[in-house]
Amino acid sequence: MEKYEEKDLLLGSEPMKLNMGPSHPSTHGTVRVVLQLDGEIVRSSDAQVGFLHRGFEKECESSTWNQVFPYVDRLNYASPLLNEIGYALAVEKLVGVDVTPRCKVLRVILGEMARIADHLVCLAAMSMELGAFTPFLYLVKTRDWIYLVFERVTGQRVMHSFMRIGGMKCDAPDGFKEEVLALLPRIEVTIRDVEALLVKNRIFIDRTVNVGCMTAERALGYGWTGPCLRSTGVDYDVRKAEPYLCYGDVRFDVPVGTNGDNYDRFQVRCEEMRQSMRIIRQAFDMLPPGPVQLDLPDVSFPDKQDVYTSIEGTIRHFMLVMEGGRVPAGEVYSATEAANGELGFYIVSTGGGSPYKMRVRPPCFANIAALSEMIDGGFIADVVPTFGSINMIGGECDR
Amino acid sequence: MNEFAGYLSIFVAILVAVGMAVVLWAASHFLGPKHRTREKLIPYECGNDTEGTYDIRLPIRFFLVAILFLLFDVALAVLYPWVVQYRRMGWEGLLYALPILGVMGLGLFYAIRKGALQWQ
Amino acid sequence: MSTKVVGAVRKAFPDEVIGDHAERGDHTVIVKPGRLVEIVRFLHDDPETDMSHFCDLTVVDWPGRESRFEVVIHLHSLAAGHRIRVKTSVPAQSPVVPSITAVYRGADWFEREAFDLYGVRFEGHPDLRRILLWEGFEGHPLRKDYPKQQRQCPVPLLEDRPGQPPPFPERP
Amino acid sequence: MAVGKSPPAGGSLLVTKVEEAIAWARKFSLFQYPFVTACCAMEFMSAMGPMYDLARFGAEAPRWSPRQADLIWVVGTVTNRQAPILRRIYNQMTEPKWVIAFGTCASVGGFYDNYATLQGIDKIIPVDVYIPGCPPRPEQVLDGLMLLMDRIAREKSSRMRALKELA
């Protein structure tokens, strides 16, 4: 009796088409993955985004330069301040102006806290989707502490609209430094607990190590940036490559993974939170006194005292609100390091009160483009950690 | 009548179990509103229309895993009396349990070696 | 450093480059759409420019100009750290641009989005279909002549009579 | 009984009529289907999280199938592309079912008044409670839930009404 090959013994099976649809616990509500399944193995997949396309560019083209800030907040809603800083820097590059030193340091501090909040949300969602509910509660509680500090500084927990072109709405309240420095050790404790729970956990390791692997040159071809690219070994970080604000003066290192799987992306984000805390401590040491808002006649709002006391202030305020001021014509591309990667703003201005073209280069749009390549051939259960570790945020990906 | 006294507790246990099941079923059947609409009866697929047919040939692996589970589950059922009283039965109880555990262990070892649980 | 990149492109494709300018630190080169793929491949492979990182691809709509749609590609070199913006424009009648997915795998989705929102076709693209809007959507919304509030909802709306709350089905 | 609210009309805590007992039972065991899409998810997580705990109201258990859920939280912007999916899921939910529109975008479309966004989910499904705010604070979310619970307490279950009509 001739020996049968293993393959012949298995009866042929037809691929099953399954929708891991937009409203699925692990797809954060806005991505539909159409899977061709052979039993448990994903033969081919088609990731469809766009379920949260809210017409950001169309809205920006019909609103003034300062009215764009609330829309920019809602791009990557896990870390709104980083989007605002990116947009403010882009317009300041267009206007050709540089902000005051105190505003630079405060922007770095608030930006790094927003980055920590974003990584907390990503790790919380990823661990909950793998069944670990306790880390989710630890991380959400920690993020609420950060939201309390944000609320005291900016007035709103999540959608701050705090940055302005040429500076910030107001200075940080007194006691801000002590409060943040008191908060950092508590965040450190939470990260240590979550890592203790997950990093050596057998189930977590089985579900994430060598799952959703990505090589460096394929990632570069896709235009990957941020923690996902750094997990494949490329140490590209906009804060180091093109230092903006005061990132040139603070010492921090860029955590880099090795084989670009979900486990490395998890580790890179944990390490990045520690680096952010390191940046915050150094930034507080070099926080200079002085104003936070430049006085740009065409773009920035006058102080409230001037508006109510002098006629020029009132007229200037009225013209800025009604016509939106005058930004010089031209085009500019400004990139900053948002939580998911390089957040680029390509703005074309024709000198009017509102932007002619407001293009956002969303980091997670490029990252999620490689999803179907990463999950093909794996199990259907591997789609969940892979999608969670890329940290696709609907608002930023679909705009 | 008294020889049935011992069985009374078993009888009450069965009565309570069946009774609760019937009560819960009746409550949800009579009290819950019933609106059978077309959309409620089609399968739920995250809000999309289902594509493809339902009667496709699934890979054989599903059947293998199901059969293995069934086998070991039934074999375990035999051990329940021993597990509950193993301290009082002492070594003699163990003598009865070992053959069953041995056969099941052998079966599991064979299945793993043969790769029945390996999915690839 | 980027002036070196623009110089290299000018030298390699003298007749293709229409113009270039450096503004606020960004270097731009404007080329004809015909041989766009070769220019991008040259930028990618040439050791001097070494544009290893695909950054962004988008379209700007200038209704007033004769060649209306302006495709803007941003490339970035990781090793050298400089960036370049390649611009090319196509008329409204035949908005067709060669697709650069052969050089950069990531351009795939950016081109689908440009096609979806502006209607610029990318020939040679493996699978050009709408990405952000649904299949039944007519028109390309980010064009300047598309009205902002023109809605096309794929599901019938409960007819909301003015001033009246929407009709509730019989409450359970 | 929500703290500070007057007891429901015509009844002490020890409800006698079966109907109010059913309403009381439904009120405190809402199984939710989180239809989460956009930025309100951040405040929804805070509301579910340990600091503003939703579990105190018995509405914490997320059920990812419309069959087992009786309350659907529509959290965040519902775009025109998402509308058929929301409508399908609402229709697939089994009665009794309630809808909470979480945030301004779900209630009236928010400041995305353009081609892409559905101007409020009450254009496609009936809504019980609208929670304003962009995103609403977790306290507002809890207050919205309490409003819904009051509404459930006052509702007559149609089953009992049908039986009454038969008798």
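Letters A, B, C and D name the chains as they come in the text, with residue numbers starting at 1 for each one.
FYI, a contact is a pair of C-beta atoms (placed from the backbone, for glycine too) under 8 Å apart; a residue touches a chain by one contact, two chains touch by 3 or more.
What you are looking at is a predicted structure, and each value in this text was computed from that prediction instead of being measured.
*Asks:* Name whichever of A-B and B-D has more C-beta pairs touching across its two chains.
*Replies:* More contacting C-beta pairs are found at A-B.
*Asks:* Need the central chain here, defined by C-alpha centroid distance to the all-chain C-alpha centroid.
*Replies:* Taking the mean of all protein C-alpha atoms as reference, the closest chain is A.
*Asks:* Greatest Cα-centroid separation from chain C: which chain?
*Replies:* B
*Asks:* If you average the Cα atoms of chain B and of chain D to get two centres, how far apart are those centres in Å?
*Replies:* From the centre of chain B to the centre of chain D is 36 Å.
*Asks:* Indicate the whole-number Å distance between the mean C-alpha point of chain A and the mean C-alpha point of chain B.
*Replies:* Averaging C-alpha atoms per chain gives centres 46 Å apart.
*Asks:* Counting in whole Å, what is the centre-to-centre distance of chain C and chain D, each centre being its mean C-alpha position?
*Replies:* Chain centres of chain C and chain D, defined by C-alpha means, are spaced 42 Å apart.
*Asks:* Measure off the straight-line distance from the CA centroid of chain A to the CA centroid of chain C, and report it in whole Å.
*Replies:* So the centre of chain A lies 22 Å away from the centre of chain C.
*Asks:* Two-or-more-chain contact residues of chain D, please, as numbers and ranges.
*Replies:* In chain D, the residues touching two or more other chains are 81, 84-86, 89, 95-96, 114-116, 157-158.
*Asks:* Which chain B residues sit where two or more other chains touch them?
*Replies:* If we look for residues of chain B contacting two or more partner chains, we find 33, 46-48.
*Asks:* Two or more other chains in contact with one residue: find those residues in chain A.
*Replies:* Residues 21-24, 50, 53, 55, 58-59.
*Asks:* Considering only which chains touch which, label the overall pattern as line, ring, star, complete or other.
*Replies:* Contact map by chain: other.
*Asks:* Go ahead and list every pair of chains that touch.
*Replies:* Here the touching chain pairs work out to A-B, A-C, A-D, B-D, C-D.
*Asks:* Looking at the complex, which residues from chain A come into contact with chain B?
*Replies:* 10-24, 32, 34, 38-41, 379
*Asks:* For chain B, which residues are in contact with chain A within the complex?
*Replies:* Listed in rising order, the residues of chain B that touch chain A are 45-48, 50-52, 56-62, 119-120.
*Asks:* Under the touch definition given earlier, write down the residues of chain C that touch chain A in their complex.
*Replies:* For chain C paired with chain A, touching residues are 23-26, 28, 52-56, 58, 60-61, 72, 74, 78, 81, 83, 85, 104-110, 113, 117, 130-134, 141-142, 148.
*Asks:* Sort out for me which residues of chain B touch chain D in the complex.
*Replies:* Residue list for chain B touching chain D: 30-33, 35, 37, 39-40, 42, 44, 46-48.
*Asks:* Looking at the complex, which residues from chain D come into contact with chain A?
*Replies:* Result: residues 35-39, 41-43, 45-46, 48-52, 62, 64, 76-77, 79, 81-82, 85-86, 89, 111-112, 114-117, 134-135, 137 of chain D touch chain A.
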